[in-house]
Every structure is written in C-alpha cells, then in structure tokens.
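Listed next: structures, encoded as structure tokens.
Two complexes come next, and they have one chain in common, subunit A, joined by subunit B in the first and subunit C in the second.
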Partner chain A sequence: MRSLPTSRPWRIAFYLVALAALFLAPVYLQSSYSVRILVLVCLFGAASTGWNLIGGYANQISLGHTVFFGIGAYATVIFQGTLGLSPWLAIPTGIVLAVIVALLIGWPTFQLSGHYFALATLALLPVFHIIATYWEDLTGGSVGISVPILPSGLDTLQFDTPTPFFYIAAVLLVLVMILARWVRQSVLGLQLDAIRLNPQASTLAGVNQFRAKMKALVMSAAVVAVAGSLYGAFLQFMDPDTAFSWNTTLNLVLFAMVGGVRFWWGPALGALILIPFGEFASAQLTGNLAALGQLAYGVLLILLVLFQPRGIGGLFSIVWQKATGRKL
Partner chain B sequence: MSAILRVQDLSQRFGGLHALKDVSFDIIDGEILGIIGPNGAGKSTLFNAIVGVVPPISGHVWFKDEDLVGVPPHEVMAKGVAKTSQSVQVFDEMSVLDNVAVAALLKNDSIKSAREAARGELEFWGLQSFADVIAQDLTLAQRSTLELARAMMLHPAVLLVDEVMAGLNEVEVDQMLDRMMQANRERGVTLIVIEHNMRALMRISHRILALDYGAVIALGEPAEVSKNQRVVDAYLGVE
Partner chain C sequence: MDILNHVAQSVANGLLIGSVYALISVGLTLIFGVMNIVNFAHGEFLMVGMFGAYFASTAFGLDPLWIAPLIGIAGFLLGALVERTIIEPIIKAPQSAQIIATVGLGIILANGAAAIFGNNFLSVKTPYQGETFSLFGLHFAATFVYAAAYAVVMAVLLALFLNKTRFGKAMRATAQNRGAAQLLGIDPKRMYMVAFGLGVALVTLAGSVILPYTLVYPFIGQQYVLIMFTVVVLGGLGSIRGAIIAGLVVGVIQSLSTLLLPSELQNLPVFIVFFIALVLISGGVLSRVRNASVKLKRS
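And now, the complex of A and B:
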C-alpha cells in the first residue's frame, strides 16, 4: 500500500503538476477569451473556496456572501473611479467592511441554533442592493461607477491583455486554497467538521460552536471580499446588479457543492468545471437553444444532488478509496 | 465524603408538563450514583438541566462552589461535568480517533497532541484497533463506548451517563460496566448513570436515586431502594 500514490512525495508531485497546469494556462490556451474565462474561474473559485470555510466546512449555509463580494468590488471601483486611489488600498478596506458586516450578522445568529444564520444572510442581499441603488453619492446609484482607463501596470491593475490579471487571480486562488487546506487540517477545521456532522455531539465534546463559527465566518468574509475587489478591478465597472446579484450567491454555493464541500479543493474544482461549461453553452447555443443549455445545466445539478450529494469530490474519494484502500 | 455536585430545587417545565419538581440531591466525590425511574420520569430531563443543554426554569446546580445553571453547556463540559446522550451521538463520518480528538482539543492546542491524547483514551476503552475506522462502521456497543471515550477525554470530575447500555448484549454490558468501574476507581471520575438494565445498575451503583413524575421518590443503597414500596409501585403502576 505504501508505494501507492497516497504518500507525501506523490502528493507534492501532484500539486506541482496542478500548479504548472494553472500557471502555464495562458501559454497553451492562447486565446484571450479563454484567459478571461480563466480569470473568472480563479476569482469565483477563490470566492467559493472562501464561502466553503463556513458554508461547507461547518454547514452554515450562507445565502448572503455576495454582499462581501460586492463590498470588495465597490471598494475597488470607488477607490479607483471616484477617489483616484490605488486599488491595492481598496482591498484591505473591503476586508475590514466585509468583516464588520460578518460580525454583525454572525453575532446574533450564531448564538441561536437552527437556520437563523441562513435566513439572516438571505435578507442581506436585497438590503445591500437597495443601499447601492439609492446611496448615489457613494455608489453612483443604478448607473454604477466606471473606472477610467489608466496607464497599464501592477499599480493600476489595468493591463493590455488579460494574461497579467490572470496571474494575479491565480495567485489569489492558490493562496486561498492554501488557507482552506490549512483551516481544514487545523484545530478549527476539526471543530467545524464536528459542528457540520453533529451540532449536539460537538457541544458534548466541549466545542465552543459560537467561537468556531465566528472565526470561520470572519475568514470567509475576508476571502470573498478580496475576490470581489479583484473582480471590480477586472471589470473596471460596478453597478448594483453586478455587485449584489443572486447569480453570484447561487454560483458560490453551487461551485462548492458540485466540487465537494468536504474538500479544500472542492469549490475550485466546481468553478473550473461549471464556469467554462456555462460559457461554452451560452456561446454555442443561441436563440431558443440557449434555454436548452440552461435546462441541461439544471438537470445535471439535480442529478448530482440526488445521486452524489458530496459532489465530484465525493465521487472522486470513493474511486480513490477503492483504488488505494485509504480514505481521502 | 464531600459533595462534588449539589443539585438544589431543580425544576423544569415544558408547557403544561412539570417535568422536574424541585429535585434536590448531593453526589459524593468518587461515587457511582444510579438513577432509575419509569419512562417519562424526568431522568434525561434532569441530565439536560444539569449540563445546561436544556436549562432548568429554576434551581441550582452547585459544582465546586459555582452554580452551573445559566452556564452554556460547552463551558459546563470544560469545567468538568460531562455527559453522554441517550441516543448515541457520535460524529458518524469521522474516524474513531478524530471523534475523541475533538474532545481532546479542550486541553490540547494542536491536532497532533490531541490525536495522541485520543489514542491513549481509545486504549483505555479497548477501541485502539479501530482508531482509523469511520465511526458509522462500528457496532452499536462500540459506538456507545466511543461516546463514553469522547466524554472521558474531557477529563471530567463528574460524568453523566444516559442509558449507554441500551441495546447491548450481556457480554457487552459487562465489558462496559468493567470499564466504567475502572474509570471510576483509577481515574476518580464520579459517575451518575441512568439505566434501565437493573442488573447492571445494581452491580455498579453505590447509591440509587429513583425518580417518578419529575420528583425524587427514593435515594439510598441499591438493596434498600429496590425494596422501597414507592419504587415498586412506580414500576408496577400501582395506585
């Protein structure tokens, strides 16, 4: 059994190959359209990985993480577009604001058991959509804010091709995945796993559920805010519908579920599969066929949830266990 | 002969049901106290009130000069009063080792040392060879034992054991009794044990407390309590 690819050298080799495949993608993909899609994979993959810290690891389903994403995104376009400040300053600002919102939502709801957190997060999105629409002085209202064309470079996060931005997004994804892996294998990760599997038993095991959930939520909100900030820089534009969209909420949850919430690499895998799939479907299927693509997508998701609720990661772990005799 | 836990006038109400009526008793440091009573007598309710899983409406639970009423349950566990649940509550999709390691985190701040401590605890309960097994693949007896191991991993001064022997065969019951008595003897844990298996309870208990309709109807030596007319009536339904 020891020589099978479960050992450390094999794992490191696998990570290196995956990293190389990621960072060489612009070389072998060539078309800038594909690279743009990969930027989205990295940004939404990172955001979904962030969502998973609380939503997946602890099974505290948040339907409001788009708010953290939108806060980060608005921070960037307001800093760059309105104030003429560096987008790099917008990132920590977005983190701080997102963490404040996270504390305000987690503080009351995590002291209760049941679905209060999910319900409270559900209400967040419309609230922030309304704020973004009517606080025109800050957000430009429903018209939104556009970032003017600036000299290209790392300081402005504007580039002539999508490739440099891809590398920034890829670095974010890798860092977030390292964080997610570290959390998974940490004391907090074991506590979150206990909470996910059996809240009553975790109390009897002496786990302070409130503190564990708060820690995970704060980290989660911060990660999603950073991804949002880069998304704002990438689009160079933000309006309420883009920043605070149900679609983003749905995607963050879906990527994690399709990839597998138990795994630190699950959400990124989900984004890597679903985003190109969606783009391909909407590019190939036009007119009435476009609806067909959406339908196929929906049917696929229903089948997955029915037959493999642990996602592709779960499927993979079953195969892995059969092949190696070890749990993943 | 000092009391380690002093339950004082504990009352619980669920709507119109007066589930506990001014329950008072002392538990002596190092003893094994058995709790008996017909179904619905309030035994599990009493446990849940003591550790704060379902806080009582009134009364006190004195532990080392501190009232546990109002303390959140995970803090009660940390202070030294642990509990197992009536229906086995383990982390099904977690390894046996990690099931216990979760509790070891209370006194260990790294995963590694928590797992090491958990290994030692599993050994005490005879589960060491199942460390890497996923908990849901265990037999009922093993799962019940695992829950005891997890609770003991908290190094409690007092452990409340709620019907851990339900569904076990005679051999398994005897093994579990031996281990519980060993924990009591060698590790000094005070045990309060709810059990329907009277043979088992008579064997391990130093004293027995009988509950009926949420009130204490008898408390004393096992032989004495089993002959008590009110206890016999409660069980046979006379009146």
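And now, the complex of A and C:
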C-alpha cells in the first residue's frame, strides 16, 4: 500500500489551498498576458497529464500525442469556423476520432514488446501533418482555418477577456488530475505500475498487458483530445504546423519528465514551471538565438534522464521522506 | 508501351532512391542490432552530415561527393563521443530513458544547427547537377546515380567488415549474445562505441552524398524519420540485410505512388506500408514467412 498521508485533514487542507490559489489566480495576476499564459499552463498541463497515463504510468513512451491534440483542435475550428456548429459538439467528436486513432495504433503495437509503440507513434506525426496540409476541403490546407468572431459567451467559447476561458481550462485541469489520481490508485494503476517495473513478472502475476495498455492509451488520447479542442477554441485558429507540431509532443513529454512521471501531479507541476519560463525565454531570444531555448530543452531532457529520472517530484519525495519519515 | 515505359522509369528511379534509403537506415538498424537501442536522433545525424558537407562545399569549394568519406570519419568520431557521454550511462536503463535521451540529443543537434546556420533552406551547386544518363531508353539524373553508387559501395564495405574482419565478427557476436561474447574476451563497451560510431558514420556520409540533389535545413531530419523507421521495421529491427532490401522496396513503392498521387503525398503510401508491416509483425506473419524460407533452404 503506497502513499498513506501523514494525516488526512492536512492533505485536504493542502488541496483546498492549491485549488484556491489556482482559481483566484486571475485576481492576483492582474495582466491579461499572465492569465493567457496560465490558460496555456492549464491546457498543456492537462494534456501532459493525459500523456503521462500511458507514457509515465506504464512507461510506454508515445512520441505522437500531438496527433490527438491536433485532432481535437481541428475538430473545434472546423465545427466553429466551417460548419458553424457549437464547439461543445466538437469536443466529443474529437474524443471519438482520437480514440479511433489510438485503437488503430495500439492494437498492432501493444501485441509486440519493445520499441514498436514509440516508433509507430512518432511515424504518426508526419502523416497527420500531410493529411492536414493536403485535405484542403476539410482543413483549409496549409493556410489553416480561422474561427470568425462570434458573440461572446459560454456557448461560443469566445470571451472579451482571457479570464473566463481560464476558468474553463482550470476546470479541465482539475478534472484531468482527479482522473489521473484515480487511475493511479485503481487496479489499472497497479497493473500499469507492474508493467513499468517488470513486464514479464506482471504477465506472470496475471496482468493482461495488452488490455491494460489499451485502456490507458484510450484514456490518454481522449484527455489530450479535449485539451486540444479547448486549445483550438482558445486560439480561434488552426493550421497544420500548429496542430501537428513536434514541439507539442516534446512539451508533453518534458513537462511530465520535469514534474515527475510517477506522480499524478507531476506533469501539471512541470507545465507550471516550464511554460512561463519558456514564454520568458522566447520573449528574450529572437532570430537565430530562438533555437537556443529549444536547445536548452534538449539538454534538460538528457540531464534529467542521466541524473534525476524521477523529476522534481522525485526530489520532493526524498525531502518529504526525510522530514516525515513516510513515503509520499 | 508508353505506360510500360513510365512504370519502368519509375521502378528504376525507385531503386536508385531506395538504395539511398537503405544507406541512411542501415546505421540505425546496426545500432539497434548491437546495442538494442533505437537512435531517435538518427535523422538529425543525417542533417549534421548534410550541413558538414554544405560547409565544406561553400567554404572550401569541395564537392560533397568527394568530401563524403571525410564527413563519415568525422561522423564516426562524433558518434563515438556521443556514445561515451550520453548512451553508455543509459545502456541498461529502461527503454523510456533511452528514448528520451536520444530524442533530447536530436533536439540539441537540430536546434544547434538552427542557431548556427539559421532556419533557412540551403543547397550546393555541383557541375553534374543537370546531367542525366540514358540507358535502354530510361533516363537517370547523375546526382541520384552517384548517390546510389555510394550506397552500393558502402553496403559491400559494411558486409566485408562484418563478415571478414575479426572486429566485425566480434560485433556480430555481441549482437547475438552479449554475455557469451563477453566470456570470449570481447569488450562489449568497445563494441557499443564502435557500433554507434559506425551507425552515425554511415548516416552522416549519406547526408553528404544526398546533398547534391536536395535542400538542407536544420529540421530536415524529421522528414526522413518516417522513411528510416519504415525501412528498419519492415526489414526486421536489427537486420542489416533486411534493411537493405526494405530500403529498395520503400523506394520503389514511393516512386510508383507518384504515378497515381501528387508527389507531396508520396510519404502516405510509405506510412501505409509501415502500418501494414506492424500489423503483419504483430500477427507473426513475417516471422512465419522467415521460418518457412529457412525450412526451404534446409530441404
């Protein structure tokens, strides 16, 4: 049995404080620029938490989760921009499409051990970029699709200030984190843990690896698709480079790695640290130097793998254990 | 007759480009075969080779085809250095750590190139760029023929190295059974360093060789990733002979698809082949075919 809290009331108090800090953020962050960044933290934090369900919990590294993100994003802008339908209808559509792609990619690769899943997911990315670029009737080609300006409100997901959108994104993040925590403590979470630690032994212990991985992948794809749908609504624009960018995949992996892949709150913590930092860096570095920010990401990934594979969460849990004598 | 000619021309083009695909992928499969690591930075090493050749060509007026062996040697040193610093510590780590480390390496290489050369499409000029050869009524661009010739030479050299030299045999022994090889006095760490160096050498050399017919920019590795992985998976992860055959097959499929599809979509059939290969492998079809052919040989 893992993670007994030092005491339950303390933990609930901590969650309440964290929730209050999140939802009151627009009050104490007065500039709308900061709120916009927080929207990105929530959306990418949620997406990274989704990636972590399969990538972190089961150690099945997906390098193609951008595809689910892009499917969700395109669903919104196509529904709103081309069809004139509600973005709320786009979200389930995006989920269904993403889950279909997830099943198609998981079905052959999860029957194989080894590197096939990572290889296949990476190969998925250029294919969707090609489809989005050349299926012009649907996606507007490389020009992309813009959503026209509609009356602001919850039904159009367009607002005069970024603050209402922030609340929607924050609710998504909280829901996704609840899901991630629930999975971590469910039977599925234990199965994924077993697969991560020792695949052969997990099979001997009666874990159906294929089914467990498929369940995690489907949930993961659905979560990332919803985050993508809201991202599309937030930007009110989508083109192939934005939807199916290698950088998105990279960010999802990196946030989870930095925060700690073994913790349900790890990816969100990573996003909270790295997105503001990235925004700051890209404002400072222009021209050829812009690449240096990305280069730092690469260096960070390698350093994490070599020296701190458990991320900040790992450091935190060591400190916690020393202070309280209990495991986090 | 006209259609037949088109198809023949297209198959011939596919074989030329396919031999280059074999050359860029064979290092990836060699590294996997010996070290059991998928090098996700392989496309970026191709880009490094292209930029190396581009730099030599613009700064010193050297032809990429002549400079290619030197680029390959430099690539070997780079690969050996990378293996010692980044790959060696994680050789026994979980697969996920290896994926993240090589992905991180690729990011560093691509963005390092972007910081130095800028995010532009660059190309070199060579005197033979417009030339074509004609044979049996078919026409071949000189740049592709030279690149394919390089690929054939390198395949022969690699086969000689692995089959005829003591070092090559030791490397194959390590690939087959690390523990047994170690018992016979083979140092696996040395084999890993050389295998990784050799894999990078092959792909950087390939980068130099293909430069006369293509453009280079820092993120071009991404474009080749799909093809490399398709070739390596289709050929059977770790099989060098498989990768060479699969490279030719992928080249021909891609080339034939341009008869029906716009050339921008030529990677779509490649992906379909990749996906079918995955389904076949997961269903055990390929291994059954392989076993059947082994039985045929025995009888």
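We adopt the following convention: the second predicted complex is superposed on the first by the 301 of 328 C-alpha atoms of A that agree within 3 Å, B and C clash if a C-alpha of one lies under 4 Å from a C-alpha of the other, contacts with A are read in each partner's own complex, and residues count from 1 in each chain.
In the analysis below, a residue touches a chain if its C-beta (ideal position, glycine included) is under 8 Å from a C-beta of that chain, and two chains touch if they have at least 3 such contacts.
If you're wondering where the values come from, they're calculated on a predicted model, not measured in any experiment.
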Per-residue touch tally on subunit A - higher for subunit B or for subunit C: C
First (subunit B), second (subunit C), both or neither touched by A:209: first
Touched partner set for A:318, first subunit B, second subunit C, both or neither: neither
Partner chain(s) touched by A:116 [first = subunit B, second = subunit C, both, neither]: second
Touching partner for A:154 - first (subunit B), second (subunit C), both, neither: neither
Touched partner set for A:194, first subunit B, second subunit C, both or neither: first
Partner chain in contact with A:16 - subunit B first, subunit C second, else both or neither: neither
Subunit B versus subunit C as contact partner of A:134, first or second or both or neither: second
First, second, both or neither for A:185, with subunit B first and subunit C second: first
Contacting residues of subunit A [partner subunit B, same complex]: 185-187, 190-191, 193-194, 197-198, 200-209, 327
Touch list for subunit C against partner subunit A, complex: 32, 38, 40, 86, 89-90, 93-97, 99-101, 103-108, 110-112, 114-116, 118-119, 218-219, 222-223, 225-226, 229-230, 233, 237, 262, 264-265, 267-268, 271, 274-275, 278-279, 281-283
Residue ranges of subunit A touching subunit C (in the complex, touch as defined): 55, 59-61, 63, 107-109, 111-112, 114-116, 118-120, 122-123, 126-127, 130-131, 133-134, 196, 246, 250, 253, 257, 287-292, 294-295, 297-302, 304-306, 309
Residue ranges of subunit B touching subunit A (in the complex, touch as defined): 53, 73-75, 77-78, 82-85, 89-95, 98, 101-103, 105-106, 109-111, 114, 134, 147, 150-151, 153-154
